[in-house]
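The structure follows.
Lettered A, B, C, D, E and F in written order, each chain numbered from 1.
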Amino acid sequence: MASISAVFSILALLNFVCIAFAFDASPLQDFCVADSTGKALCKDPSTVTSNDFFRSGFHLPGNTSNPYGAAVVVASATTVPGLNGLGLTFMRADLALNGFFPPHFHSRATELVVVIEGSLEIGFITSYPSYKYYSKILGKGDVFVVPVGLVHNVRNLANGNSVALVAFNSQNPGITNLPNGLFAAQPEIDNVYLSKAFQLDVNTIKELQKKF
Amino acid sequence: MASISAVFSILALLNFVCIAFAFDASPLQDFCVADSTGKALCKDPSTVTSNDFFRSGFHLPGNTSNPYGAAVVVASATTVPGLNGLGLTFMRADLALNGFFPPHFHSRATELVVVIEGSLEIGFITSYPSYKYYSKILGKGDVFVVPVGLVHNVRNLANGNSVALVAFNSQNPGITNLPNGLFAAQPEIDNVYLSKAFQLDVNTIKELQKKF
Amino acid sequence: MASISAVFSILALLNFVCIAFAFDASPLQDFCVADSTGKALCKDPSTVTSNDFFRSGFHLPGNTSNPYGAAVVVASATTVPGLNGLGLTFMRADLALNGFFPPHFHSRATELVVVIEGSLEIGFITSYPSYKYYSKILGKGDVFVVPVGLVHNVRNLANGNSVALVAFNSQNPGITNLPNGLFAAQPEIDNVYLSKAFQLDVNTIKELQKKF
Amino acid sequence: MASISAVFSILALLNFVCIAFAFDASPLQDFCVADSTGKALCKDPSTVTSNDFFRSGFHLPGNTSNPYGAAVVVASATTVPGLNGLGLTFMRADLALNGFFPPHFHSRATELVVVIEGSLEIGFITSYPSYKYYSKILGKGDVFVVPVGLVHNVRNLANGNSVALVAFNSQNPGITNLPNGLFAAQPEIDNVYLSKAFQLDVNTIKELQKKF
Amino acid sequence: MASISAVFSILALLNFVCIAFAFDASPLQDFCVADSTGKALCKDPSTVTSNDFFRSGFHLPGNTSNPYGAAVVVASATTVPGLNGLGLTFMRADLALNGFFPPHFHSRATELVVVIEGSLEIGFITSYPSYKYYSKILGKGDVFVVPVGLVHNVRNLANGNSVALVAFNSQNPGITNLPNGLFAAQPEIDNVYLSKAFQLDVNTIKELQKKF
Amino acid sequence: MASISAVFSILALLNFVCIAFAFDASPLQDFCVADSTGKALCKDPSTVTSNDFFRSGFHLPGNTSNPYGAAVVVASATTVPGLNGLGLTFMRADLALNGFFPPHFHSRATELVVVIEGSLEIGFITSYPSYKYYSKILGKGDVFVVPVGLVHNVRNLANGNSVALVAFNSQNPGITNLPNGLFAAQPEIDNVYLSKAFQLDVNTIKELQKKF
């Protein structure tokens, strides 16, 4: 799943551009195309082309040959530089037979999922009312919404591949996969603490820390 | 095209709910599901169900039997009440042979379009640099971005139907179709003024005002 | 009208300064005077003078010897560098006999107009309820408000010059003149498409594209 | 000066309307005209008229027969209900011979002043660099900007009346007149404390508290 | 830990008050004291007293007789109604010998902790760079910051009680305790899915779901 | 008191970093640690350490040997670089016997005070309802809230030292001490104007201007 995190996270290094002012409720320009050279904050408008607002390939399946049986292709300010500063990210998610995304959350975006092939179960857990689980099994043409900041699960229920398109209302939604966030963190989180918090014996925690 | 405007515009009457504070950068709750009874601002959380975050039917073509040869199906706070306050709208657009959307703008949202069938030409006109036209012919799997507040055009170039999915980063993007906004406005805009502004003779303006 | 657009638009290149943070509801400094040298984001405060917050000449008529019979003088971050980051633009508009501003919109600001000489008709067209026209004929001392993002018209009804002062609540309101935005766009928008959208024959569209 | 405060302050009771969401950078409707009956948050759009966006009388002098020799007429959501939610306030200020506004600040708006008659001295005091005084003597047609939240002074330097028009980028700028805020506060602020803070003897403080 | 969640979460039902507008960068009033009767959005200002901005008891230890050995006392809009709309929450946290807070995150606030007695280890896990663990052992007078939306851990390392004061920059920070969020969610999350995601056998997952 | 202003104000020069976009309601990264070298906006994440989020010494009294008998120690983006962009400032305030902070306001933050030793009187003056004084005498463990932008007073009522911890919801709250802001401003504010505004004779004003 590391690659999925990476796709989101690589944006973090590009986000130093700014077109907002506290007293302006909107961006201050039509667009601020990310300047890949890093020399300027935005590309000189005279060098901006239609291709800066374009990306192809969302009809092609991603490579799901990984432990999760899952892959994403993303349209973000990294891959579509015209998106810079406009508060939108879009992606295609492929899940192979039995594929899944582990429990995770995006602290900076609401997510809307539409299934275009197969069948997915998607659910989110509220913070209040405490720990209520809202989930649906989605078929082709079904839409489901995951509010910002809530932990959610996604798994493929189809007999073959499933495909979804996903919209996020942030330039950089952020992603924390919970098993990884807890057990793969470096330096390691104290295993006695995790043992008490998860009510698992210390050896099980140590094994989890080795696996992730 | 009136029906397309209507789909967006009906939201306007539902938007009096508030979960934002000037000093909080995020919503103050997990969600605020729109209360269709109008008695409360948000539904009592204990009555919220998974269906409040769900809508089906985005795999089905809309009815394009209208002068534009175009139709939209929308997931918004009106049709997916869980979207209320979360800043996202999503839609499916169908365009029949020769179908089009007239020049229009959304003053409150950036728009991302992905073509899932057929071929569309999409283009937007900048305000600065003045009146530059950025456009692309999109095929299946192609994505294009229209920055917030810019006039844009969409037309079907396929030999048959084209279908696109569209994400907006606002609960209520707003839509002004320019021919209608100018020539269908009631009470009528002074036709001598329009004649001078568009450099068309007054009779042509009068005819346009009759048509729209 | 190009010059009027230009006055607004030139700001676009100066707006890369940033004094806002998502978690701060206000600017983070007393002011951030635009640094005309481009070396720093804000001028060193020790070099800021009272003149950075000052501009003279708003009692002098603009030069209306142009096809529109209209002119503007603007106080913005370009001409009053202390305005940088503070979310306000101000201007004086002069309209000669029969002068007018063509239909246009500002996607980033609400506009308040006060007539100080002569008589103007001002009106805006709503997006919802669809295409309702709200207009007034203003005399000396009359104020009218145009909400953000709505198409509006302005024309002089006086027997001579009219003068208005105008406040915008954005550092860079943005302006799209509709006739120009549609017919002067480069590269040209497909004339068959415009013909269908405006229900005008293709030759009329071609003429319009030549004129603008 | 009480009346000037009052003009601003009365807005405070009308501000419970909401058309903003944390995830929407713009208002969610074309407008939300303040409903004077208090039954609804916004007036039913079908009852909104052009007059909701209009106010007359800004060419007429205010009544300066008060200890300050100063008067204001205000276009705000109270007097121009269409301004509700749009983040702008506008006013005309009249100052008689020797008239003045005592030191005050607006915690919620930047202010732009244009003198249309006479001559005013306007100056503001920074918080950082600490206590630097930026001021100008303005004549007809001169503009000066006072950044949000800074204490500022205004006095008439003309041999007769002076008149200014003033734009604020907030629906409710707020105003605290310092002499009044300190010495007219009820219940009274401890006079020994004020004596130490202002380095004035206690009896002088007591007299000030009686005067204001 | 349920009680700790509850203290935060109960706010969720009170948050329907609104004093923000998209075009105003600040609240529109001095304050909007939460009206406990629910009849109005804000208390009538004439009934507001100094006590609305006050709470006592932050010098008294909380009751840590619970499985976590931890307790919180909170100053929020629920307990200090004057905080309503102002974007701040404050709390005192007591941790008994071996007390801890399980891994959790606040999706709506940055957190600043100052230890006033004892010794605490506090650490947070980043989303990017992926899963880096930043932690410190804090003694008396030490401050540590947890950026918004990141998973963090807190445990008592003192030989006796530890006490911290904590500031959050949101009216309702939100809290999701991860073990509970995952294993106590109702209806239950599919245990085969959790088994795969956490690389634990299904029986271990089932036991965890019973425990939480 | 100059030193207290300075502690806040020095931040002003560091605030040119930006991680906010108008269309993103949250920061775009986990953190943006202030780069003290000034070469980059944020420190390279690979060089960030736990110490960037840490500061010690809040258990130690400040040096109150100054005319105010008051001192502050501050955790801000200057002293805790990890706070950069996160909208929080924290401080410890010590007041010796008879110590006080003169009337002042923070235009960019709400303030929450908790007394941890001694006794303080804290009060704020509203702008509307005009000039009402809300104050409390706080003992150990008492909390009081001062809404953003309001003038407030703080004085020590204990027989010895008092200590408070204070949270602000801004990276740079800003501070204007009123006596200094009025009488220490350079260049000097016209003393005849101040004489009229404060209803004090000109010689008293001149003495005040010498003292401050």
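Just a few scattered comments:
Just so we're on the same page, contacts are C-beta pairs under 8 Å (C-beta built on N, C-alpha and C of every residue); 3 or more make two chains touch, one makes a residue touch a chain.
These are the chains along with the protein names UniProt gives them: A, B, C, D, E, F = Germin-like protein.
Just so it is clear, the structure is predicted and the values come from calculations on it, not from any experiment.
Each chain gets a centre from the mean of its Cα atoms; the one farthest from the centre of chain A is D. Compared with chain E, the chain whose C-alpha mean position is the greatest distance off is C. Centre-to-centre separation between chain B and chain F, using Cα means, comes to 46 Å.
Chain B and chain D have centres, each the mean of its CA atoms, that are 39 Å apart.
Measuring from the averaged C-alpha position of chain B to that of chain C gives a distance of 25 Å. Among all residues of chain D, those that touch two or more other chains are 12, 17-20, 22-30, 45, 86-88, 107-108, 110, 123, 127-129, 135, 148-150, 169, 174.
Touching chain D in their complex are the following residues of chain E: 17-30, 32, 40-42, 45.
Residues 2, 5-6, 8-10, 12, 22-23, 25, 100, 102-103, 105, 107-108, 121, 123, 125, 127-133, 135, 148-151, 153, 155, 174-176, 178-182, 184-190, 193-194, 196-200, 204, 208, 211-212 of chain D touch chain F in their complex. The touching residues of chain B, counted against chain A in their complex, run 26-27, 29-31, 45-46, 48-51, 53-60, 75, 80, 82-83, 86-88, 90, 110, 112, 114, 116, 123, 126-129, 134-136, 138-150, 165, 167, 169.
Contact residues on chain D toward chain E in their complex (touch as defined above): 11-13, 15-20, 24-28, 85-88, 107-108, 169-172, 174.
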